[in-house]
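The two complexes that follow have subunit A in common; it is paired with subunit B in the first and with subunit C in the second.
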Partner chain A sequence: MGFSLANIDRRVFYWILFIALMVPFLNPIGFPIKIAENTRDLYEGITEDSVEPGDVWVINFGYGVSAWPECHPGVTVCAKALLREGAHVILMGPHTDVELTYKHLLDTAKEDFDAATYGEDYVFLGYITGGESAIAQLASNMRSVYPTDHFATQLDDIPMMQDVNTWHDVSGVLSSDTGDWGGYFLTQWQEPYGVPMAQIGIAMLGSTGIPRWLAGNYFGMSVGSRGGAELEMLIGEPGDAIIAMDSISVSHLLIVIAVIVANVGLLLERGRRS
Partner chain B sequence: MSQMLKREVVYAITGIVTVIMFLEYFFFPESQAWAEIIRTWSVIIYNISLGLGAVRLTMAHSMNVQRRRENWAFSGVLLAGLAIMLLTGLAGYFMTGQQTNNAIYNWLFNWVYTPLGATLYPITGFYIFSAAYRAFRARNIDAALMLIAGCFVILSNAPVGEALWIGFATVGEWFRFTGQVPGMRTFALVGTLGMIAYGFRALLGKERGFYAGGEE
Partner chain C sequence: MAYPTATMEVIGLWTGWILMLTIYSYPLYKENPVYRFSEHLYIAVMLAVNLVVNFSNVMRICVTPMMQGDFLMIVPLILGIMIYTMLIPEYRWVSRYPIAILVGAGFGLGIRGSIGPNIQDAIVSTITRPTDGGAMAWINFLYIAVGLISSVLYFLLTYEHSGALQAPTRIGRLFIMVALGAYFGNTVLFRFTMLTGRAQFFLQVLKLIPM
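Up next, the complex of A and B:
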C-alpha cells in the first residue's frame, strides 16, 4: 500500500505540531495584532471616566487552572486597570481551584496588588457553590452566601465590605468564564438590575457572548487568548497572551494546512478511482 | 404515602417555589423575603448535594476496586487521591482554621494538580489538529461550505491570517458577526422558549423525569 495524502498517520501530525510550536518559543515572530471592537469596549468600560475611585467591582474567576492560558491574561489586565483607577475589587469563583487562580493573579499583577491593601482595596471571598441561585442571592444579600472571606474573616470586619452587601453597592461585574457563570450574572444581575457587566471568556464562548455584547447586555467582551493579547496591547504591557499569539498563529495555520492536505488527498483518490 | 411524597408533595413544593420566584423576578424585585429564604435554602441543598456526590462517588469506585471490575486501578487512584486531599485539607483546617494552611495539601495542589490542569488544554490541541485532518473533508457541497467558512474564521482569529492576507480578517469577521450572530440569537430564543415549555410541562406533571428519578 503506497503513500496517500488522505491517510497520513496521526502521529505524523502530533510531531509536526510539536516541532512547529517550538519555533515561536525559540524565535518569537511577533505578528501584528489588530484590536477588536468588543475588546476595546471592555477596556474602555473599566478605565478612565467609566470608573471612579472607590467603585466596587466584582471579578468572577469562572475558570480553572486548565483555562489559565485563555482567561487569565485578560483578567490580569482588568484587575490591573481597576486597581489603577482606584476601584475596590471583590474576587471570587466557582471552581474548586479558585485559590490557585487568586494566588496566580497576585503574582501576574504583582506590582498592583503589592501597592494595594487587602481588605481595603481588594478582597478574596473564595469558592462559591449553588449555581444560579447563589448568584441571585449574592445580588440581594452577599453575607448570606459569604458570611466570611476566604481567610475566615467576617465580612463586617473587612473595611472594604462594610457598606457592600447587595447589587446596589457594586458598580460592575467582570466574569471570566469557561462555562455558564457569566450567563448567571447576566440573568441575575445585569438584566433585572442593569448592573454593567463584561465577559472574559474562552474562545468558544465568543459565539454566545458576542450576540450579548451586540445587544448591550455586556458592555464589552474579551474572546480567548486573542482577547487577552488585545487587552495587553491596550494597557501597554505585553504578557503571556501576546507571547502565546505566535503559537496560536502557527497552530491555526497548521490546522488549515491539514484540512487542505486532507481534501487534496480526497480529490486525488477520487480521480484515481474514476 | 410514599407515592404521594414522590409526586404530589414534589409538585406542590415546585409550584409554590415557582410562583414566588416568578413574582419576585418579574414584578417585585428585592422585596420578597420569602424568595431570599428559598434561595438560601437552594444554596444549602446544593452544597449538601456536593457531599452526597462525594459519598456516591466513593461507594461506586469502592465497588469497582472490591470486585476488580475493568479499569479498577483507576478507581483506586481516585479513591487514594480523594482520601489524601480530604485528610490533608481537614488536618490543615483543624490545626489552623484554614484548609489551605497545610504544606502537603498545598504541595499537591501546586505541583500535581496545577501542572495536570495546565496540560489538559494543550493536549486537546494535538487531537484537534489530527481530527481536523481526518474529519474535515468536503464530501458534499454543505461540508465544503462549512470547511471554507471554518478556515476563514480560524485564520481571522490568528494574527498570521491578517499577515498573509487582510481579506481573511474581513471575511472571517463577516462570518463571526453577520453569519453567526442571527443563528445564535435564534438558538438562544428557541432554547429559552423550550425551557419555559418544559417548566410548564413539569409543573403539570407531564415530565416523568422531573420527579423520583423518572420512575413510575
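Up next, the complex of A and C:
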C-alpha cells in the first residue's frame, strides 16, 4: 500500500483538490462560524461609540489582487461600518495594482459608497512606495507623500482633506496586509503617537498579529478569510467570505486527510521493508 | 457585484478565465507552450504596470513639485539616479552612497518604533498573569511561559546542551518545530484560500454561481 501511495501522480491530488473546492460553491454545506474575540474587538472598535461622525480613518490596502479572497471581505465590512458611522475614510495602498483593489471596493460596498461623496466622505490617495520611511513621513506630513490624490487633485482642494495632514488628524488606522505594512504603521503611528490601529491580515499574519492584539498594540485583528467571514456575520451581511468558507474548510480537510494518508502509507512502507 | 455587461469588461473577464486555466495547466497537466506563453505574458504585464506606476509616482511626488519651485526635490532624484551606477562597473562605488542612506534611514526608523511593540509590550504581555478566563487561560499562560523560556534556552550557544540544560533545550526544540510547523501550515492555507478564490472565479465566469 505504501509503495502504491508513493507512486500516485501528484496531479491526481491537484485534480481532486481543484474539483473538491468547487463543490461547496455549488452546494453550500454551511459549516458553523464562531466569532473570535480578536475579530469582535476589531468590529467594536470601528462601530457605535468608538467612532464619531467626521472622524478620519485610514484604510491601507496592503494586499494585491491575488490576496482579495483573504483580505478584501474584511476590508469591505470595515469600510461599510466606518461610512455608516459617518467617518471619513482615506484609502491608499503600497501595491501597484492598488487602483484595481479600490475599484473592487467600490463594487463590493457599492451601496455605501454610492451614498457617500468622493472628497467629502472618502478619498483615494493611491499608490505609496518607500516602505517604512514613507509611512513615517505620512504621519508627519501627508502632503509630502501625497501632494495630490490618485486623480491628480491637490489635497488642499479636497474638502475632507483640508484639515488633515498629520497623524494628529487621524482617529485610527486599519491596515490590511499580506506583509509588513501593518508593522510599519505599528512602529511609526501606533507606538510613537498612540494612533489606534487594527489589522486585517492574511492567515499567515495571525501568528504575529494576535500577540500584538494581546499586548494591546492592535485594538483588534481579523485573520484571513475566516476573519472576513466573522466580520460579515457581525455586520449581518453575508458576502464573499462566508460563501467561500465552506470551500476553504473542505480544502483544509483534504490537506489533513492527505497528511494522514501519506503518513499511514509511510509507516506501512517502513513496516513492509523491515 | 453583478456579471459585467459592457463588451470590454466581458472580454476582460473571459481573457482572465482562459489565462487562469492556461496557468493551471502546469500543475494539472504538465509544462506546455500555452502555460509558458501565459507565464511570460504575466511577467511582462506586471513589469510594465510596475514601471508605469512607479514612474508616475516619481513624477507626482518628486518631479512635478520640483518643476513648481520645490528645488530640494532634486536631492532624492539624484540619489535615485545614483543607484543606477551599479550597472556601470567603473562607477559602481557611487551607488553605495544612496544605498547607505537608505539602509541607515531604514534602521533608524525601524529601531525607533520597534522596541516598544515588538520587544517590551510582547514581553509584558507574555509575563502578565491572566486575570480572567479560568483554568484554560492559566494553561495557556503556562504553556507560553514554558515554550518561551525553553525556546530561548535552545539558542544559548555558549554552553553545551547537556546536564541541566539538556531537557529544557530539547523541549525548546520541540516548541520551535511546532511553531515553524504552524507558521508553514498558515502559509499553505493562505495559498489554498487564493486557490479557493480562483475556483469561485472559475464558476462565476461560467455563471454557475452569482458574481
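The rule is short, and it goes like this: the second predicted complex is superposed on the first by the 269 of 274 C-alpha atoms of A that agree within 3 Å, B and C clash if a C-alpha of one lies under 4 Å from a C-alpha of the other, contacts with A are read in each partner's own complex, and residues count from 1 in each chain.
Everything below uses one rule, namely that a residue touches a chain if its C-beta (ideal position, glycine included) is under 8 Å from a C-beta of that chain, and two chains touch if they have at least 3 such contacts.
All values derive from a computational prediction rather than experimental measurement.
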| Is A:70 in contact with subunit B, with subunit C, with both, or with neither (first, second, both, neither)? | both
| A:127 contacts which: subunit B (first), subunit C (second), both, neither? | second
| task | Considering only touches as defined above, state whether A:14 meets subunit B (first), subunit C (second), both or neither. | result | both
| With the two structures laid over each other on chain A, which partner does A:145 touch: subunit B (first), subunit C (second), both, or neither? | both
| request: In the overlay, answer first, second, both or neither for which of subunit B and subunit C A:203 touches. | output: both
| query | So, A:32: does it touch subunit B (first), subunit C (second), both, or neither? | reply | first
| message | Which partner chains sit in contact with A:86 here, subunit B, subunit C, both or neither? Use first/second/both/neither. | response | neither
| request: Determine, under the contact definition given at the top, whether A:266 touches first (subunit B), second (subunit C), both, or neither. | output: first
| query | Which of the two partners, first being subunit B and second being subunit C, lies in contact with A:256: first, second, both, or neither? | reply | first
| said: Show me the subunit A residues, by the header's touch rule, that subunit B contacts in one structure and subunit C contacts in the other. | reply: 14, 17-18, 66-70, 97, 129, 131, 133, 136, 144-145, 152, 192, 203, 206-207, 211, 214, 224, 248, 251-252, 255
| message | Going by the contact rule set out above, which residues of subunit A touch subunit B in the complex? | response | 8, 10, 13-14, 17-18, 31-34, 64-70, 97, 99-100, 129-131, 133-134, 136-137, 140-141, 144-145, 151-152, 166, 192-193, 203, 206-208, 210-211, 214, 224, 226, 245, 248-256, 258-259, 261-263, 266
| note | Touching subunit C in the complex, subunit A uses residues 11, 14-15, 17-18, 21-22, 25-26, 66-70, 96-97, 107-108, 110, 127, 129, 131-133, 136, 144-148, 152, 186-188, 190-192, 202-204, 206-207, 211-212, 214-217, 224-225, 240, 243-244, 247-248, 251-252, 255
| Residues of subunit B that touch subunit A when the two form their complex | 25, 29-30, 36, 39-40, 42-43, 46-47, 50, 97-98, 100, 109-110, 113-114, 117-118, 120-122, 125-126, 128-130, 132-134, 136-139, 147, 150-151, 154-155, 157-163, 169, 176-177, 180-181, 184-185, 188
| message | Going by the contact rule set out above, which residues of subunit C touch subunit A in the complex? | response | 1, 24, 27-29, 46, 49-50, 53-54, 57, 60-61, 64-65, 105-106, 109-110, 112-114, 116-118, 121-122, 124-126, 179, 182-183, 186-190, 192-197, 199-200, 202-203, 208-209
